[in-house]
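Okay, so chain A shows up in both of these, paired with chain B first and chain C after.
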Partner chain A sequence: MPTDHVELALLNDAVVVVDNLSVAFPSRSGSGEVIRSISFSVKAGQRVGLVGESGSGKSLTARAIMQLIPAPGKISAGEIHVGDDLTLATVASAKKWRGTSVAMITQDPLSSLNPLVRIGVQICEMLRHHRNASRADARRRAVELLNAVGIPNPKRTMRQFPSVLSGGMRQRVALAIAISCNPRLLIADEPTTALDVTIQAQVLDLLEKMSQEHNSAVLLISHDLGVVANFCEEILVMYSGKIVESGPTQDILDGPLHPYTRALLTSVPSMTEELPARLSSIAGSPPAGGVDVVGCAFAPRCSLAQAICSEINPELRQLDDPFHDVACHAAGDALWPSVRSQ
Partner chain B sequence: MTAWLLRRFLQMLLVIFGVVTLAFVFAYIVPANPARMVAGPQASPAAVASIAHQLGLDRSVWSQYVSFLGRILHGNLGVSFALQGRTVAGEIWLALPYTAVLAFGGILWEIVIGIPAGIIAAYRPRSVVDRFATFGALLGLSAPPFWLGLMLIYFLAYKVSWFPLNGVGHPLIWYMILPSFTLGVGGAAFYSRMVRTTVRQVLRSPFIEFARLKGMPERTILFRHVLRHALTPVVTMLGMDLGYFLGGVLIIESIFGIPGVGQLAYSSISTLDVPMITGTVLVAAVFMVFMSFVVDVAYTFIDPRVRLNVGK
Partner chain C sequence: MSFTLQPGETLGIAGESGSGKSSVARALVQLTRPTGGTVSLGGAPVTNLKGQRLKRFRRRMQMVYQDPYDSLDPRMSVSDAIGEALSVRGLPKTEHAAQVAQLLERVKLPATIAQRHPNQLSGGQRQRVSIARALAVNPEIIICDEAVAALDVSIRAQVLNLLKDIQHDTGVGYLFISHDLSTLRFMADHVAIMYVGRIVEYGTSEEVFSNPQHPYTRALIAAVPSVTRRGERRLKLSGEPPDPGNPPSGCPFHPRCPEAVETCRTERPELLTIGDAQKVACHVVQWGREKTPKTEVTA
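Up next is the complex of A and B:
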């Protein structure tokens, strides 16, 4: 029951509730579902990571929240509620909260700023439009924001065009724009993927600092389990349009319940132990997007797959930890090898 | 930036110098004898020779070239052979206002029809408006101007007398509506397609998605973020079009009986009026070269990346 979920979420201080969301790109051959009935919520100030390989539906989930799914895709089922008052997110209601209570930064800082528009204008237009700020007030606040995100000479940068800034600096500007209206939820879609490793760390630190200062929740989308593990309190693991495991970061790192999460963790090269001759990887590839899958989508690649796995789609369920969910038939079975003993 | 401007300006002067030289060479190698043209078919060889001497045609090529350059530098394009006693510059000066109004009118139609049609078609691909614009563009591109001009005259000026039949008069704008429309329709069709393509491309770019994620209203996104990108190629083409039109548009001018530069050039060719040919060619070339200079400068204002590169 959606309303119950929302009421419960309000009590829990949630700033986004995704309830049984499905997104489809309708085609003649099938329903074209690429996100299959996912549910999660993010509380105020909380940092949640959404991990999965490319094509798993992470970015699309973010765009569904923002009500900006590229055509011909559409939300085929479920509801999303956003903001402190958990307004039902629709294309129409988005005018009220998009950019203000829910903001988002995207993957490629090199192309997310308009190359023909001065940086100052690209920040000020937010404040002018959403906050009705005067020209002077918007400029003053924009300089403050640039200063806060660590741009060395904010006044000069205001007059410059994006092309003179480096990728890291541009992502800082994008972040300044995103936090300009104090969002309750900041979605960061692979914010550091296009940056080199040292800059990555700086941007993540800044993201953390900004989210703490503004008490903004962060939904960090990444294919990089390492990034998410360092940054987030909770992790959602997505595979082929479904959330297959969710729980507190430490629990998932220490005791992953889904074979996919386990495989992901073992394929992260260790920094302390000697590297194997060949880095481990997950054999096979995920099912093509939009193809209707019977049973568990991971079954063809799973070493623990049983007959039931290719017949019945496993639902998210709890084992013994009430905060740690997994969608796997085999999890918790006698056959299930203990991770800790490995 | 200033250094670049100066360099670009000098470049323009160099090209104009080249055009002047070419114009001289062509006038020099014309197979017909200009002195004979001036003197008339019945004139005696002695009379022809005397006229040739008056015109300086008996001097060496170099001497003729140097005095030609000197004259041009003083803005003197010579005296017409065919129109006795009239200066070439004076005749061009009389014809130019008509051509200028026609040219700017044509450009205006191109902008007013082409750009909005392209934008609407891009925002609503495969919609009724898009299909209509596509069909219209096909029509506009494939309709020959002489046919379109005649149709417009027949229906809008002859059948219903909304517009004057042809010629020029007062107010001039009134006489220029049909001709400039005929002139602009092809360009409008072309621009609508070009704008459609570029706008569609820009709409797919990440910074437009980011602008939407920022919650900016669609109007701001269009005017601040999309149009600038879409208009860069259009500005280039429009500038070149204007330069081309100002040199005279013969077909339009002759259908509508407009005494513009195009007509002047055409009649000077048929009478082998060498100074007039040279003069009209020069004027056309200078407009073209000057407009391409203007376009280059305008470009640096639209796209800061160009400014950065030219600053280096």
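Up next is the complex of A and C:
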């Protein structure tokens, strides 16, 4: 039964709804929750960025949507709905929509492309299986796709194996396969992390063009706030398995509300502005995944932390902007030195 | 290629994969023998050293790599790993514990970490241990080959600050190799931009980042995604870097260069001085400086 939440999302043209999702890797020492009750949705054609450091749960969120959580991990609570009709995502239903209405590209296409199968075969396979295309049609469409992603000599590339291509070219092939069935949602998990900056710019441009042409929504997962800021309309910031801040890109860059987001923004040296003698850095390191946290997970590293922060887990809430949410006790509180003015 | 590094200074080397950044590092510490040219340290040539003299030289130049998992022995505890370097320096075993504690404090790690093994440390802690290990032999130069590339941004900032503090206190010189230009802008006094095995632009950090001349440098800087330059129209490069084993004729950048003219295809530009310290290897930039419009003749 669709919940109210999902009905509302249907009206809003969402193509994925993540509702109170928790993912756990149960162990003897605890619940092993690595994603703690996160909710968000992405609308058709929208580009949303999921930012966080390693271990924040951002890639696992992607895998949860795809129903590809590695054992012994499991979705311990919550629901995911995908596609235009927002079908409930389950391991069984995934066979119908994975690769077609929801597709994913990863950091290293070498791990998603079969090294022993020629590229042409791998693209045609998708079209033949999901689109019931004839051999000839599939081949023709595969050449078109490779052309569209900027492969210089598609017919030659069709006959090649993934290992002979450069990283940038492999990512283009992965993208061609991902868009071959016109996905409603494309999940891009660190798609440019392994690439040089000039190639990164090319691939991000291509990703933007493809999403516009097919009106596909993109969920871009990255540790690089610069990449996300330039590509996405909305940003979700994850820390230790929780979304700690979310909102339109401009709002988050201009007025970050969570101390973690602010620290992320200032700990990368600027390319244009005057540089400080020392970078502002966050002391300590993120908590280990799967350890049960009482209160705010960021509190041990937070310069604004008070007693309440290590006792009560802050919920994601709005201040004055209805689209900008933050999970921090200090945000907007008169008792604290104003978070924004700092 | 040629460059110099002053004591207490940081030279940044930037470039894409295959540009030869890491090969420079390996040639400097004589892990690969250069096929031509010399490397000198403190005025004395160090190329083609062998045996004891090579060992002594390597004490003066240390390396910190991207992934300390590769350079730290997984079966050695932190104190053993650092102690090994102390033995190289000739320090008696009895003094090791005190020195290890001092070095750990130097890299701002708790002394309790000394008995742990690499797999019990976080990425940031491991990188601090490899810095402590490099410092153990009191080197004059530390080569940091993508030393912070694998670290999360919040940890990266800590390690960069630490490296700066160490340089301030000990006067060690850094050769800082990175593909990340914003990190180099923060760390380096001088910067060399490499493309397919050659320096195409060199200068002070200020010169290169605020007034880049070579079309490749300009494109490289423009391609860095930055939160402060959001939505700017950027100069974009097409194509990919060529195979370093088979570089294009003339200027190796000409197939991707938006400003290439006929000469670029046939003649390789020399690295010539155009500013105080700034040097550029580009025909078009050099002609522009001479104010003789040779471009018209060749176009």
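In this text, the second predicted complex is superposed on the first by the 329 of 342 C-alpha atoms of A that agree within 3 Å, B and C clash if a C-alpha of one lies under 4 Å from a C-alpha of the other, contacts with A are read in each partner's own complex, and residues count from 1 in each chain.
In the analysis below, a contact is a pair of C-beta atoms (placed from the backbone, for glycine too) under 8 Å apart; a residue touches a chain by one contact, two chains touch by 3 or more.
Predicted model, so just to flag it, every value in this text is computed and none were measured.
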Between chain C and chain B, which one touches more residues of chain A when both complexes sit on the common chain A? C
Which partner does A:F161 contact after superposing on A: first (chain B), second (chain C), both, neither? first
Return first, second, both or neither, reflecting whether A:A77 touches chain B, chain C, both chains, or no partner chain. neither
Pick one for A:N114: touches chain B only (first), chain C only (second), both, or neither. first
Overlapping contact positions on chain A, where the chain C interface meets the chain B interface: none
Give every residue of chain C touching chain A within the complex, in rising order. 16-17, 122-125, 152-158, 160-161, 164, 179, 181-183, 185-186, 209, 219-221, 223-231, 234, 236-238, 240-241
Parts of chain B lying in touch with chain A, wherever the complex brings them together: 205-207, 209-217, 220, 224-225, 228-229, 302-305, 308
Contact set on chain A toward chain B in their complex: 66, 68, 94-95, 97-100, 103-106, 108, 111-117, 121, 125-126, 129-130, 161, 163-164, 174, 177-178
Chain A - residues contacting chain C, complex: 53-54, 166, 168-169, 196-202, 204-205, 223-227, 229-231, 249, 253, 263-265, 267-273, 275, 277-283, 285-286
